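Take a look at the structures listed below.
Paired with subunit B in one complex and with subunit C in the other, subunit A is shared by the two complexes that follow.
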Partner chain A sequence: MLRKIKPYLLLFPAAATIVLLFFGGLFDGFLKSLGYFPAIGETGFSLKAYSSLFHSDAFWDSLIVTIRIAAISSVLSAFLGAIVAVVVFMMHEKSRSGALNLWNRLFQLPLTIPHLVGGYVIVLLFMQSGFLSKILAKVGVIEQIPDFPVLVNDSFGWGIILAYTWKEAPFVALMVYPVLERIHRKWRDVSRVYGAGNWDFIREIVVPAILPAWTVAAFIVFVFTFSAFEVPYLLGVTYPSMLPVYSYQLYSSGTLADRPEALAVNLILALLTVLLGLIAYYFSKRWNVLKGWE
Partner chain B sequence: MNQLRIIQLEKKFEDRKKDENPVFSLKPVHLTIKEGEFFSLLGPSGCGKTTLLKLLAGLEQADQGEIWIGETEITNVPPESRNFAMVFQQPLLFPHMNIEDNIAFGLKMKKVKRAERIERAREMLGHVGLKGYGQRFPDELSGGQQQRAALARALVSDPRVLLMDEPFSALDPSLREEMRILLSRIHQEFGTTVVFVTHDREEAFHLSDRIGVMSDGNLLQVAGAKELYEKPASIQVASFLGLKNILKGSAGKFGMENRSQQVELADSRKSSMTHLIIHPEKLQLSTDLEKQSTAEEIIFEGIVKQLRFNHGFYLCTVQTENTLLECSISSRQAETVSIGQKVKLSAQLKGLHFVSR
Partner chain C sequence: MKRQRLLANTFLFIFLLMFIVLPFVPLVLSSFSYNWKWPNVLPEIFSLSAWKYVLFDNSGTWQAIGTSLLIAFIVTAINIILAVPAANALVRYPLKGRWLFEAIIFAPIVIPAFVAVLGIHLTFLRFGLTETIFGVVLAHLSPTLPYVVRAAMTSYNTLSIDWEDQARMLGAGPLSRFYHVVLPHLLPGIAAGASLSILISLSQYLITFIIGSGQVMTLPILLFPFISGGDPAIASAYSLVFAGMAVAALLILDLALKRYYKKKQAAASKGVRE
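Up next is the complex of A and B:
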């Protein structure tokens, strides 16, 4: 009996901590979002916070900005990451030189840099008085520094998009590359003999091979950017801000009475993430993308 | 005529780390393969047969020489434009496509409409005995079935030449036999020119119209199975074909001397010959020790060392004065012979084969 439950007992401290901190926090947030806030004497439950959120323009503007930035960043990093992975793979097919290894490492470099540092890099490079604008002004591409487009702290969110694309593309490449490694070296020969050029090979063999891992990677990037805080806080504007920043603003700058709304934003974020996960899972099953590869 | 002509084709593989001699080189190959012929490249591992096949497919670039199909030179034509097909050692079916789509892959690359390519793929499935398997995925098929599907994929696009790189070597013996019969039937049915690489003599002999024996990057001899067996051009060929009773001698004006045995050569042009090959079935075993040699035959005297049953007949190993000779005898004759018994082996001079190297 003891032998049977021993693994569970050994896992219990770690599992309990995770459950307590993660689900406990989530549950606490859920209760507070429903107005249960004994610290300010509120012990009843209501959907007031949700209702007022759904009636606030700031929330909808924030949600739209969040979806737009997360979607564009995910799509750009997913494509860029997949292209990088495929290029490295095709180069690997042709030669196995040391230069290729160097490229491989270079593409992975952004993975080692924290998001906040990545955000600062974007600020330093792309702000109007940044490195890039100075170079362009120096070489005469733009007349003066203010002619450089506003890419940091802009209302569209290009700075955030740039930071996430730069940071997450290597992540996508890293997820996709091991799958590409599963592609049999001789499949290229087979496809060539049967009339497939490079593009045909990529379309018919490489893309179907990477699709499952690629969609999962893109989804992870989307969910991450959807609920990330530090880069939007650093590179975004005060209005409309991305949902995590909006939640922080409500939580920290408002009164205690605004906190249920702030936590309701977090709960909505969590729910949307779960919903997106289910949608991604449904489509991956429906497309049968894993068939044959398992 | 869409014959495949290989003219002085050469390929060297350099060692990337050293600038010394090439690691392997395919010596100039000159060969014509007739349209509809089943041609096998036979040789041990690493002899260059797969390299030659890859050169034909366009998967390797030749250093020298030309490849022609009919009146068209294809030496520098990329593999995707040659309209060849290739079956590899492994089936190499694409795992994410069902069998029908795998078979129709070449047709898809040729922009054949889906309905037509599926119809042709289904028809081809019937030819290789996989009717009804079209919707399955490769991992739902056995190794033999996968290789059949690979064969169907190769044939469906009606290739000018079908290249096969040891396609049955990964299969177990019974499946291999089954696949040989299938391939033989399909070759007769479709009349496709086939270049087949194998290290299996039996396979090459069973399937081929002609066989090219290779060793160390050299194409040593090209001939039909019977001629190769009866008249190997060199000791290398004879050894690779597993021929027994190869007697080394010293070349003489009048004959070949195997120490005590003098073998008269009918043709003085053969004076440079240094080896004599006597096929086991050409040796007659006799228990009559009084038997004397005549002008047309050579006789060896020896003791029976071993009797081995081999597919319906016996192989009898006889220790003569200087060498071991093998002869094949019937089961009935084997009953009259015992190990340690003194016997005589005779062979007609006209049945002997001499080689110079």
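Up next is the complex of A and C:
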């Protein structure tokens, strides 16, 4: 008997913690989004918060901005990350020295940096009177501060996109690199025998090999940028804001009436991320991204 | 040909260096600047005043670093205690409804933590958990625990039951089996999970802010007003301290692990000689 229930006993503390603190929170939020809130005497259920959300422009604008920013950031960081990984891989092949292990460590630097700091780095680099603007002015490309485009706290979201691209490209590179390492050195030699240059090798062998892991990595970046708060809070504008920021604005605006709406935004956000997460999971299983090939 | 390759390599090297290092240049320069005016590429006056303010004048800095690390270490310790048995069960036992347990434990990787935290906020308020370090610790658990379980599972995957059976046959009880056989094998995985847990906990802003209500001053809470429109020199210095704290915490963990293995190795070779 004890043998049979032992694994469940081992699992219980961790699972209970998540159920209580996480799913409890989701459920608590769900009830309140329906207007059920006994502490202030509200015991009825209604879909008022959801219907007023679906009728507000602010919500749809926010959803569109969120999808746009997440899509552009994930595509850009996927390309940059893949280029970086392939470049390091090709260099590694040539030099074969252990010194290049240093690169692996260096890559992790943007990953280790907290998002708030990453966001601030982008502010200093790209704001209108920022570092790049200063360099361009010294070189003589621009003459006044307003000549530099507005890239931080702009309504399109370029600042957020730049921050995520820089922060997440190393993540994509780290996801792709192990796959590259499994490309046998012999394959390179064989391709050379058949007269393939560097570029042919990359196109015919490297790209098809990394495609599954690469797609999944890009997708993970999409889901993450879709639902993260810090960077858009720092680098975005008040309107239209990304969904997590929009929810926080509603929640902290002061009136209790807005809170069910904020929690409704949250629930929608959670549902969307679960959906996206399931898609990523499905493809990573199907393409065997994590196991690779023999 | 050879020269060409060298040139290409140098070019790639510079490209990568620019990508990783260049973004930090204005941050470092700005932290040592005083009233850095456009369009000077270098600050006209170098000054230590921002660093002096951050490290010495504002006593809040060290307190915030202490609070951040305290929360991160408590969270990580709880995570390890919860994650190791869970990983053991998930990897080595036949389980009914395994997918459900995995879905529960790994859900916070996908769903952002602040969704649950905003939902539970008023309940925490009622129980008096807001504005307390304990409340913040509870809030940090769900976004970090899944990563520690994941890491511990990776280690359990390569741990053979035979080794434990062997130890059992040599007369080792459950505790000493765990301590001498299982734990050394799990440590790298646990350390990897702990690094992630510490890193994630240290960089939380929103959920700390909501549950701590501005009363639990971790470093990100202290730093935010500066980076969203405060003095750039002080904001830069704080950002560097913040990033440095995260990197240092990871390096120390890495070093501790290496030292543990060296000691272990030394002990093993000594044992052989005797």
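The rule is simple: the second predicted complex is superposed on the first by the 260 of 294 C-alpha atoms of A that agree within 3 Å, B and C clash if a C-alpha of one lies under 4 Å from a C-alpha of the other, contacts with A are read in each partner's own complex, and residues count from 1 in each chain.
Simple rule for what comes next: a contact is a pair of C-beta atoms (placed from the backbone, for glycine too) under 8 Å apart; a residue touches a chain by one contact, two chains touch by 3 or more.
Worth saying up front: this structure is predicted, and the values here are computed from it rather than measured.
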TODO: Based on the superposed arrangement, let me know which partner A:G130 touches: subunit B (first), subunit C (second), both, or neither?
DONE: second
- [ ] Once the structures are superposed on A, label A:A49 by its partner contacts, choosing first (subunit B), second (subunit C), both or neither.
- [x] neither
Task: Touched partner set for A:W187, first subunit B, second subunit C, both or neither - done: first
TODO: Compare subunit B and subunit C by how many residues of subunit A each one touches, and report the one with more.
DONE: C
TODO: Would you check which partner chain A:P208 touches, where first means subunit B only, second means subunit C only, and both and neither mean what they say?
DONE: first
- [ ] In the overlay, answer first, second, both or neither for which of subunit B and subunit C A:P114 touches.
- [x] second
- [ ] Give one of first, second, both or neither to describe whether A:G197 is in contact with subunit B, with subunit C, with both, or with none.
- [x] first
TODO: Quick one: which bits of subunit B touch subunit A in the complex? Just the residue numbers, please.
DONE: 57-59, 78-86, 88, 90, 92, 94-97, 105-106, 108-110, 137-139, 153, 157, 163
Task: Interface residues, subunit A side, partner subunit B - complex - done: 184, 186-187, 189-197, 200, 204-205, 208-209, 291-293
Open item on the list: Considering only the defined contacts, which subunit C positions touch subunit A in the complex?
Closed with: 5, 9, 12-13, 15-16, 19-20, 23-27, 29-30, 38-41, 81-83, 85-86, 88-90, 93-95, 101, 104-105, 107-120, 122-123, 126, 138-139, 141-142, 145-146, 149, 199, 202-203, 205-206, 220, 223-224, 227-228, 232, 235-236, 239-240, 242-243, 246-247, 250
TODO: Enumerate the contact residues on subunit A facing subunit C in the complex.
DONE: 6-8, 10-11, 13-15, 17-19, 21-30, 32, 37, 39, 80, 84, 87-88, 91, 94-95, 103, 106-107, 109-110, 112-117, 119-125, 129-131, 133-135, 137-138, 145, 166, 169, 223, 227-230, 233-234, 244, 247-248, 251, 262-263, 266-267, 269-270, 273-274, 276-277
